[in-house]
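Note that the chains take the letters A, B, C, D, E, F, G and H in the order they are written out, and that residue 1 is the start of every chain.
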Amino acid sequence: VYGAGKDVGQAVAIVAALRAAHPDRAALVTRAAPELVDALRGAYPDALAEAGCVAVGPLPDPRGTVCVVAAGTSDGPVAAEAAFTARVSGASVTRVTDVGVAGIHRLLASKETLDTADCLVVVAGMDGALPSAVGGLTGVPLVAVPTSVGYGASFGGVAALLTMLNSCAPGVVVVNIDNGFGAGLFAARVARRTSR
Amino acid sequence: VYGAGKDVGQAVAIVAALRAAHPDRAALVTRAAPELVDALRGAYPDALAEAGCVAVGPLPDPRGTVCVVAAGTSDGPVAAEAAFTARVSGASVTRVTDVGVAGIHRLLASKETLDTADCLVVVAGMDGALPSAVGGLTGVPLVAVPTSVGYGASFGGVAALLTMLNSCAPGVVVVNIDNGFGAGLFAARVARRTSR
Amino acid sequence: VYGAGKDVGQAVAIVAALRAAHPDRAALVTRAAPELVDALRGAYPDALAEAGCVAVGPLPDPRGTVCVVAAGTSDGPVAAEAAFTARVSGASVTRVTDVGVAGIHRLLASKETLDTADCLVVVAGMDGALPSAVGGLTGVPLVAVPTSVGYGASFGGVAALLTMLNSCAPGVVVVNIDNGFGAGLFAARVARRTSR
Amino acid sequence: VYGAGKDVGQAVAIVAALRAAHPDRAALVTRAAPELVDALRGAYPDALAEAGCVAVGPLPDPRGTVCVVAAGTSDGPVAAEAAFTARVSGASVTRVTDVGVAGIHRLLASKETLDTADCLVVVAGMDGALPSAVGGLTGVPLVAVPTSVGYGASFGGVAALLTMLNSCAPGVVVVNIDNGFGAGLFAARVARRTSR
Amino acid sequence: VYGAGKDVGQAVAIVAALRAAHPDRAALVTRAAPELVDALRGAYPDALAEAGCVAVGPLPDPRGTVCVVAAGTSDGPVAAEAAFTARVSGASVTRVTDVGVAGIHRLLASKETLDTADCLVVVAGMDGALPSAVGGLTGVPLVAVPTSVGYGASFGGVAALLTMLNSCAPGVVVVNIDNGFGAGLFAARVARRTSR
Amino acid sequence: VYGAGKDVGQAVAIVAALRAAHPDRAALVTRAAPELVDALRGAYPDALAEAGCVAVGPLPDPRGTVCVVAAGTSDGPVAAEAAFTARVSGASVTRVTDVGVAGIHRLLASKETLDTADCLVVVAGMDGALPSAVGGLTGVPLVAVPTSVGYGASFGGVAALLTMLNSCAPGVVVVNIDNGFGAGLFAARVARRTSR
Amino acid sequence: VYGAGKDVGQAVAIVAALRAAHPDRAALVTRAAPELVDALRGAYPDALAEAGCVAVGPLPDPRGTVCVVAAGTSDGPVAAEAAFTARVSGASVTRVTDVGVAGIHRLLASKETLDTADCLVVVAGMDGALPSAVGGLTGVPLVAVPTSVGYGASFGGVAALLTMLNSCAPGVVVVNIDNGFGAGLFAARVARRTSR
Amino acid sequence: VYGAGKDVGQAVAIVAALRAAHPDRAALVTRAAPELVDALRGAYPDALAEAGCVAVGPLPDPRGTVCVVAAGTSDGPVAAEAAFTARVSGASVTRVTDVGVAGIHRLLASKETLDTADCLVVVAGMDGALPSAVGGLTGVPLVAVPTSVGYGASFGGVAALLTMLNSCAPGVVVVNIDNGFGAGLFAARVARRTSR
């Protein structure tokens, strides 16, 4: 359920319908405003919430590992959405934060964490160069997420999106700007298959 | 080795160097002009060649299955590049051809082939709508490849690229326009991990 | 009368002038803010209002049928504007809602409704793929309406607009982003001619 | 059959297959190079050919009238494609040529021809203003076709496309740049329904 | 003095400096917010103000005539800025309002007013087609002003700008979007020279 | 007559028709290929030809002066088209060549030539900055012509076009990229009125 | 530290950490909101603040001179950011303000100030033409900064950015729109090296 | 002298004029076609030529060092143009080739070469990520050059240009796409000042 643009009543009703139809799995709401988070937590006391995402209902046992890598603190919310979605979609999640192409040594220090994941989600705004560097360090499947962080000729994330589509590292795939949800879901699907 | 923009001598020399450095795995050339294909076949009689791609050296045993889906005959060369790359990168490959959103029944008839793959590569030009339809039919990880097929406001594949980035089917990831190589490599990486 | 950007006084005066000049047919206001809707209903108690549209005066007897198809709930306001306009412009209107390319079976179930219309209006945001699928199912004239629903690289509806202009289904025509009015008017013109 | 990008052998084979599958209706090839036109005429002596389009097989009896309006002589090929397609798709066709917004009196002199059509196809490049003027003169359903005629900031037809999408005349619908085929097919569908 | 983005104190100080430096001619402020208009009127009781423009000081005797033509009521503020600027810059001004390409007869009725001007300023948003029609009716020098009126694929006036740059009427020149000031100044320069 | 895209026969026929219809004034062909220039000179021995433009028939007596200013030698053909058109349209023409913003002293040395013209045409590619500098030196009406000279992010003249539309010199108007014809015609209309 | 998008607590904490890690050099915050400026001044009474920038800690002894040139008052904040950054980064700073291409004499009067600098930062919005003029006057290394000042087809600074990238003056380099920080830092690096 | 678009005679004449006017320094021709290179070598036997650049006349004694870094072999011609220009403009030149973000270890191995330069020129196409990585390794002034190498959504170098403008490494400046000349000239100016 994409929470943005839906009012609290609409969103709560959709969650209730999903819970009734699929009691065995969690309903996931993303881009939820604080009031919606509160309403869902009020209705479902054991709901999990983080970074504007809320999961209501039982989570699947995790299979496989998704590692979410983020360049800067501004990219944090999108990375958190990806991580939360991956967990709700049934994968274990590890995080690597505050690494960047302009500080390459910290990235090199994380190589083992990267190599032991089953799928990577790499989140970056501004120049969007991080996936190229990560993709050069490891052969783990890598999903790049451009964020709208930046100003001027970043055009709300378009610059980072183009960088990633043109990555000189082979085998990088891309999702829409700020689409942490899509990246997390895709990565979890890959990770869960890995350990079948 | 990206063959476009390299002359035959350059490309043959790079292949020879790669063969020497890595005798246990194949060197892959993409976007090879006919003269380059001929030169490589002359130098390496057991080279495999298809759709402007040439593989020189032993292929890995296939693990896992990549299914390459293509909308129209014009998308054929990109789909063939993806399929060839996936095979050279170590996956088995199945093909579904000539299905499209505007002829949805033929797509529905292919559902079992789609469901039994470990990763899908869906190639489409013009409106780029096919990945949305395929992604709605199956939960297998799906890599969408926009092609430059079209005219007018297709802008050399940009229209299809945007369609795919905005796909209403969850969990669709995208590569650059006409980048069959990138999609095939990524899909093979996913497929090989699946069956580990 | 395009209500957006006009204040209540201006809009009410234009409607009064239209009513005086053409007492035999309804004046139509679109994109009316709630205060304008209230003002018109106050002045014309039998005015019809829905989705920011208000019709003042006698509606023509309906001739022919326009079917308005919408992909998601977010596309609802534009679809409602199209349907209201088509009815005020003299056609009967049927609706198909909440169908999408990513859930193709629900669309297939609506085939008879589609086939019995004289003109279709298909409304979709995000990837804008729905008109291609509908156009593949039926030969009824089809007007596609892209909506500004989406985020990131949807560019306020441009992605959906390009998808529709490049539709692989033959005979799809397109109107401006969010232009439910234009689509509804055109479709009613076609439908009324059909049954002449 | 879209002839551009297919070689003569491919195209002739597709036509043969279509003729075999649907002997009762004509196969239509558009954007055919002269060699392809010759090959089809050689194989099918009674084939009709005009403006890079070839029709092979029996044409339907015409029902309803499509009027194709073109601004300048440079827009002629696209207008001819639209007219040929409309005729092959089963409508009678009338033509108005060499009228333009900058010479409005010639357009006014054609009003009766416009009013007696069942659907209009209006073709224009450069500023793309003609559909607005025609749409202000008549209430007949109007399909606008931008052409790639122009230079500089016409961007290969994008300027005309945007003009038409933003037409101040209500009820104008648009197809892709240079897409005479799509406009002709759509208009014939409307015209044939009109006279049912 | 471009008033937008300057606070009242800044703008008043600049006007005072201009008045001191050039007591023989008026200082012109455009895009003035209501508070700035009030402040200038308070400081200079005989200041002229209209449409967010304020002129402080003696106006030149008018020489020559500028005719400002506007398509719709939404284009009114830009047309008023052009007219006010032309008058302050030393030309007489006539106005033609509420004419459009989609209602061509009202435009034809204004032909004499157009022909007797020394320079035309034609203001239009949406499809921006009006200058082409006016330019086809008269050989008077014509400055086209695109406005940001429109929605969707009008892109804040870019569609109208492109239409005007590609006008099929010869001898049309263009200024920036919403730049009534520039058009009015240029037209007054032309008109004043005419009657020298 | 816009010569590009017309074959020699078509163009010669149009010129003959124009000569017959208007024997008292010259027919002007622009963007004529060398073969067309030769054909016209063969048919009309006293035709004038320069820079791909050909004038056939009697020129009007010149009234007023147009000064054509060009930044670099690459801008020469467009400047020549503007100058030729202005002369054929009835103005005297002066030229200032090889001045640029990056060599401002040569521009300053031409100030008197600029000031004595009735209308300026300023032609520039690359950064398109010259009209701003010229417009700051003189109050003569100024028509700016962007050219497609440049590479990389000049986007075929779009960079220069945008520069000119945003000129910080007041009263600069702009025509389409490479449109020397439109600028010359407009400037001649202004110049001829000046000396009435 | 880029202050925009960080709350006061985050930003103050980062500054404290930087001060602790690097007590010998100043921490620089740019794009600080007034509350953040106040908070930093409260915590560090000898902090320097200007134009939304705050420097906390000892400044390096200046070496070399950066001259910051600005076209209009609207470009002031970006120019001030560049000047402040250059000073904090260890260069002396001179300023030239309110010069422009449209008033070229004031620029010429500043030539000596330009020539005696070690690196220039030239800030301009709207047409972005100033760097071309400055670059033609002097051979000092020149960094151009486009600003988002403008309207209509200035596209938030893109027009100025393109002008600068296409500058006809050789040896002009460019930074992102409004990026006074990057230009000031780069220029200081050049200036400090100059006097080594 | 920019050789592209000039014929051999024009270019040779300009060089002769420059040699006569400035006998003490070299004339530099860039983007020279092979025939032009041959003509210049024929006329000036001691001319230096490389990568489509020719220098005629005495080179200055080198002062300071420019290091030109290139990502891939396809970027070679632009890197060679930058290096040649820097040398002709009076700097010593070092080269680092075939390093990339996706192979970060080779870049790290070049750190000392980078650190000992006075100015860096970093050339990259495709994702344009290399300047960010180099800028993170060293504080030497860095000029980034995007190249038109790439395909699909690289848009002829625009993707790399945007990446570089948005670099997350501070103090990166950018030149136009493929503008090795501008980068080399600027870098030489910086380097020569360094060692004064």
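Operating definition for what follows: a contact is a pair of C-beta atoms (placed from the backbone, for glycine too) under 8 Å apart; a residue touches a chain by one contact, two chains touch by 3 or more.
Note that the coordinates shown come from a computational prediction; the quantities given were computed from them, not determined experimentally.
Engineer: Where among B-C, A-B or A-C does the F-G interface show up again, with more than half of the contact pairs the same?
Structural biologist: When the residue numbers line up for over half the pairs, the pair is B-C.
Engineer: Out of D-F and G-H, which chain pair has the most contact pairs?
Structural biologist: Top pair by contacting C-beta pairs is G-H.
Engineer: Taking each chain's centre as the mean position of its Cα atoms, how many Å separate subunit D from subunit E?
Structural biologist: 40
Engineer: In whole angstrom, how far does the Cα centroid of subunit D sit from the Cα centroid of subunit G?
Structural biologist: Here subunit D and subunit G have centroids separated by 56 Å.
Engineer: Once you find the CA centre of subunit C and the CA centre of subunit D, what distance in Å lies between them?
Structural biologist: So the centre of subunit C lies 26 Å away from the centre of subunit D.
Engineer: Just curious, how far off is subunit H from subunit B if you go by their C-alpha centres, in Å?
Structural biologist: 36
Engineer: Could you list which residues of subunit B touch at least two other chains?
Structural biologist: In subunit B, 152-154, 158, 161, 165-166, 176 touch at least two other chains.
Engineer: Which subunit A residues qualify as touching subunit H in the complex?
Structural biologist: 71-72, 100-104, 108, 126-129, 132-133, 135-137, 150, 152-155, 158-160, 162-170
Engineer: Enumerate the contact residues on subunit H facing subunit F in the complex.
Structural biologist: 4-6, 10, 146, 148, 156-158, 161, 176-179
Engineer: Applying the document's contact rule, which stretches of subunit A touch subunit G when the two form their complex?
Structural biologist: Subunit A reaches subunit G through residues 73-74, 149, 151-154.
Engineer: Tell me, which parts of subunit B touch subunit A in their complex?
Structural biologist: 118-119, 139-141, 143, 161, 165-166, 170-176, 181-183, 185-186, 189-190, 193-194, 196
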